[in-house]
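I have a structure I would like to understand better, so I am pasting it below and will then ask my questions one at a time.
Chain IDs A, B, C and D follow the sequence of writing; residue 1 opens each chain.
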Amino acid sequence: MNLRKLTLMGATSAVFAALFSTAPVVAAEDYMVLPSLVYRTGAYAPNGVPFANGVSDYIALVNARGGVNGIKIKLIECETGYKTDVGVECYEKLKKEGPVGAAVFNPLSTGITYQLIEKTWVDKVPVHSMGYGRTAAADGRVFKWTFNFPTSYWSQASAVIKYIGGQEGGMAKLKGKKIVHVHHNSPYGKEANPTLKILAEKYGFKLTLLPVDHPGQEQKATWLQVRRLRPDWVFMSGWGVMNQVAIKEAAAINYPMDKFIGNWWSSTESDVVPAGGAATGYKGTAFHGAGDSWPAHAAIKKEVHDKGKGAGPREGIGEVLYNRGVINMVYTTEAMRTAMGKFGTKALSGAEVRWGLENLNLTAARLKELGLGGFANPIKISCQDHETNGPVRIQQWDGKKWVFVSEWIVPMADVVRPQIEMAAANYAKEKKIAVRKCDGSD
Amino acid sequence: METTEATEATEAEVRPLLTVNNIEVIYDHVILVLKGVSLHVPEGGIVALLGANGAGKSTTLKAISNLLGAERGDVTKGSIEYMGKAVEKLTPSDLVQLGVIQVMEGRHCFEHLTVEENLLTGAYTRKDGGRAIRDSLDKVYHYFPRLAERKTSLAGYTSGGEQQMTALGRALMANPSMILLDEPSMGLAPQLVEEIFEIVDALNKKEGVSFLLAEQNTNVALKYAGYGYILENGRVVMDGDAKSLRENEDVKEFYLGLSSGERRSFRDVKHYRRRKRWLT
Amino acid sequence: MDTLYAFFVAPFLDIADSPVFFIEVVIGGLSAGVMYSLVALGFVLIFKASGVFNFAQGVLALFAALTLVGFMDWGIPAPIAVLMTAAVMVVLAYAIERLVLRHLVNQEQIILFMSTLGLAYFLEGLGDTLWGSNVKRLDLGIPEASFEIQGVLLNQFELVAAASAATMVAVLAVFFHRTRVGRALRAVADDHQAALSVGIPLKSIWVVVWSVAGLVALVAGIMWGTKSGVQFSLSLIALKALPVLILGGFTSVPGAIVGGLIIGVGEKVAEVYWGPVLGGAIENWFAYVLALGFLLVRPQGLFGEKIIERV
Amino acid sequence: MLYREAGQFKTNYSADQAIFPILQDRIFLAVVLIFAFVVVPLIANDYWLQAILIPFLVYALAALGLNILTGYAGQISLGTGGFMAVGAYASYKLATSFPEMNIIVVLLTSGLFSAAVGIFFGIPSLRIKGFYLAVATLAAQFFLIWLFNKVGWFYNYNPSGTIDAPPRELFGILITGAAAKPWVKYLAALSMLTVFGLVTKNLVRSAVGRSWMAIRDMDIAAEIIGINPLGTKLLAFAISSFVCGVAGAEMLFLHLGSVETLAFDINLSFLVLFMIIIGGLGSVMGSVVGAAFMVLMPIGLTNFLVGWLGMQATSAKHLEFMVFGGLIIFFLIVEPNGLARLWQIAKEKLRLWPFPH
């Protein structure tokens, strides 16, 4: 055996022998483990990075102020690269981490959420897929461990149609209008389709679905079709590079930008900045504010970034996805606080945090207290409703920043909720899940 | 070693163009292929390297032209000198510039290049200008009129003989003083073999190119070569000038297929061989 | 019956109905095809000269674009930044030869192919580490406005892309067939060992060819980066170049261009006219099926060199 | 010293033709199997089982399937992900349409579907070779993924387009679904791999295996000696896709529990190809070792960089990409024939020890 091969074999076995013990945990005081499944690498990293930074910074702020009621939160980032199997690996690694296990998982990927939903029943850890994941999880009677508040893709679609109706001068005017849904050709992108179809029938507009395959760098054909159709409105459920290209292509065919609305994963800085001036006027949905004008942002700058604990660049504070990370953590920490009201001030187990999520009541006053007055809509979760049919707002890119151009639009619960309940019931039947009564007994 | 009185042999000792001194070659760090091979090529000579399949002929040539690296082979012992200079460390490209070029076994033409383009690649290392290269090209066409006819066809579509000519002509384009020729007769009709060797002979006589040729076809090789080495299992088992080799009983027996007495049984041959090996 | 009609009759009626739009689709396809060709060219160069199926070509384009944007962010004027990036690509080519290819001489093609996948991973990590993974805007001042001629929409940017592709092909064709180094490159592609034996120094040849491929990647990176922003997804354009390659042949420079145009037009026409029948987003696999169809007729691709086989 | 076959005499042909003719190999295999079947379930925790061992076993099976096609029959395929997707979706449809069907039957039947699809996409291999074929198999990859994404029937028209593994029992023990115990799933995957591994090992040294290798090493010569190239190649495609299909079904039922088409994208095809190259082309053991390497390596690297060196998850990931790519190149340079070849050389050395040659 020559030396090179010997070293090689030696090195390999050494690496594998040594690597599989995770780092020793410094266990001293009571703390809670909050896993953060992020993707700072891969095709979707441009979107994953600001979100992860927002999460990290807000938790750093909470910890700097002593934690949740004095209990510190240990945020453990696990890089998924937006890959489902890696996400599962992260979950398995972190679910038992810390003194009482992980508090709650934010999978940050629809694919990973689907993986975890079933596992949570067994492992008793809640999953909060904020504005993504399985829409049917809104029915808390079936999906005990899964939350997707403040709103879902189905609610969003109905709110967008409501907005369009408003712009056209009333829902009745929708009749005969042409609306195109350009969507990512994946379960995520297709989520809104059934709702849109129902609404198209109800209001008599003509819906055209144009799927774009991952990653969506080439959309000539799609936008040529748009050019021929000359739709009144274009709604887009895109992700990653697809958004930037779509905006550019829309500009290239001279489509009016203010008739082009992206969903909340298609209206971020990453989507419009690469398109340059062409993106001005582009609209998008949002369930929280953009910018860094809130006191909480100032606090993050002062108490986190100035102390050298910031996760990303200072300029990134206030970006749409950064703020989404922040609001996600606001929900999480407030749910913990709620749970401590019942279970006492201590490190909470996943089951206890689940109760906190289910009984979360985030009032406008509390938001203001947190330095985020008006940043998001107040929200109250219940056993029946893990989504709350939360309202969305329309924001518009003015070339430099996102500005709200509408009030909070309440989605059409009458359309969406029956669909949710039907899907949830089907799921319960297929999986033989006992439906909860929601009388406090389960 | 057999002792010979041939004048060429002593000449080789006096003015060797190429000297290989006791080299050992190991493939893949485990397989010992050459176990100490020494040989000399005199200036202006044709030296034949004879032996059966796997005796180490090609390996010896590749060790000299330094093409072993690509096959995970290493020269682990011994030295190689060309015109008195150590050349073991030189790259094939440097060697070609010095005047040593190899024509590989199995011809190895560039299939997707035309015959003429093939020839031109041989002149890659030359720095003496387009005119001189043009002249060389004419010279090659002079020696191989057949190539001139086929110069625009893809080398991959030419016959085996034409490919061998292309390969030889390509080597000639480098203006070499020594060509390492590996199995030129392989897979060719006897008539073509003669033709090729006639050209080798002419090149040797008129252009003064020295040849070290590895050949299984001992008969033909010894007809044209001045001196020969016989390799067996990675060792030189016999050497001598062509005439004495041709007349040697053992060579006749094993390599020329001629037998003085009555046919011996296979068993005898085996015993004989074994004894022979111990003697060397 | 309805499906048959929708499949075999309706699209053609549609085309006849609005020929101007059909022309637009074709032009859209051509311009998309040129963009594919830019990437395919890099593949062809390296395959032709070294027999390496270089999957890292997409990542090379990404890396070049990232480096260019990085330099421009430092405030270096665009032309100088482009030159500097070109220099980086040459250095990279040298490093690849020194650290990877040199050690893999004479290995099987699949091993070489795999090593380029390893290279792709490495460069992805390196690019991200050096320049970060956020989307960056690349603006070299290439005009992007659209204009209409006779109702047909044209885009200035696409014309620039087409012109640069045409120039590159012309230069490369001359390089390969008329120069000493070009001939040596082709010789190396055929037979590493024979090339070595006639004194062609493989090492420097590889540096040359990877440098050229790096420069082609730079052009591709600039074009794609301008179009969609510079970010990780750029590396995936390699996948769009593959059907172009099988159609055009792995070793043909003009094949890369013509193949690109055919694939571009084919997939756009299919998507626009047949996509709705099949449910849309068919262009990705359609490109491959189209190429496959061609392959069954001509196994070496449209312009590829004939596969010479002997027993 | 221990590994020496001297003294082991074969007195009949069947002993001479055993899969493992050397006693030490048999002992070694037995020890490994006992360890894997008995010891591992006892000592491994959920994380090891769920996140490392089960995926490893599933990937190893897929690698085995691809190795049949690429390693033994010499046909490079980049459509593995697509064939695995066929297995996964077929098993989902079978399991949901026939709830009473035995889970083993479901897995094997879905393999049949995958084999049929494999044969179809293998037809071009008669005319197309090498990288042209590799790229052509991408047509299968992209088309199949598009199909499963597009046609609602495949995912029972549920609004999300993802498929879930319904809970199923085998011998009264819950074997699939989230509630199934990890060690049960582990044993199921391990049994499948063992069976398929032994069958493959036997197959490749039969007449079929020899004709595959003949086609691989020189197809024209193989044809001349009377091997039917189309039949041989298609058989390789069929068996390979069958195994890959079963692996895909396992991926749904035993590993992930719920999948969307994204799980079977082109990266999966590359990953499996990596496994067999790193492990060793044309080696059953290479498939397993390669899969182990490719599953363990990234996880090990992350744990090392983040856990031990305390790096940021992000920079660790970037570094991991670089190290990963670098290691692949390193391995290819050191031993282009894969880890299995290293193992073989080690065995050769042992046999000759203490002599060097």
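The working rule: contacts are C-beta pairs under 8 Å (C-beta built on N, C-alpha and C of every residue); 3 or more make two chains touch, one makes a residue touch a chain.
Here the structure is a predicted model, which is why all the values come from computation and not from measurement.
Looking only at C-beta pairs in contact, point me to the busier pair out of B-C and A-D.
By the number of C-beta pairs in contact, the winner is A-D.
In terms of CA centroid distance, which chain is the most far removed from chain A?
Most remote chain from chain A, centroid-wise, comes out as B.
Using mean C-alpha positions as chain centres, tell me how far chain B is from chain C in Å, no decimals.
44
When the centre of a chain is set as the mean of its C-alpha atoms, what distance in Å lies between chain A and chain D?
Between these chains, centre-to-centre, one finds 35 Å.
I'd like to verify one number: the distance from the centre of chain A to the centre of chain B, where each centre is the average of its C-alpha atoms, in whole angstrom.
Using C-alpha averages as centres, the distance is 73 Å.
Just give me the whole-number Å value for how far the CA centre of chain C lies from that of chain D.
Inter-chain centre distance comes to 32 Å.
Could you say which residues in chain D touch two or more other chains, in rising order?
Answer for chain D, listing residues that touch two or more other chains: 146, 318, 321, 345.
Hey, what residues on chain C touch two or more of the other chains?
128, 279, 281, 284
Which positions in chain A touch two or more other chains at once?
As it turns out, chain A has residues touching two or more other chains at 40-41, 49, 185, 213.
So in the complex, which bits of chain A are touching chain D?
1, 4-5, 8-9, 12, 15-16, 18-23, 38, 40-41, 49, 77-79, 81, 84-85, 88-89, 92-93, 96, 110-111, 114-115, 117-119, 121-122, 134-136, 185-187, 190-191, 194, 213-214, 419, 423, 426, 430-432
Using the touch definition from the top, list the residues of chain C that touch chain D in their complex.
Going by the criterion above, the answer is residues 53, 99-100, 103-104, 107-111, 113-115, 117-126, 128-129, 239, 242-243, 245-246, 250, 278-279, 281-282, 284-285, 288-289, 291-292, 295-296, 299-301, 307, 309, 311.
Once bound in the complex, which stretches of chain C touch chain B?
Checking each residue of chain C against chain B gives 105-106, 180, 183-184, 186-187, 189-201, 251, 305-306, 308.
What residues on chain C touch chain A, complex-wise?
Against chain A, the touching part of chain C is residues 18, 21, 24-25, 28-29, 31-32, 35, 128, 133-137, 139, 144, 146, 153, 155, 224, 227-234, 236-237, 240, 267-268, 271-272, 275, 279-281, 283-284.
Would you mind writing out the residues of chain A in touch with chain C in their complex?
Against chain C, chain A makes touches at 40-43, 45-46, 49-50, 185, 209-213, 215, 217-218, 220-222, 224-225, 227-228, 240-241, 244-245, 248, 252-254, 270, 273-276, 278.
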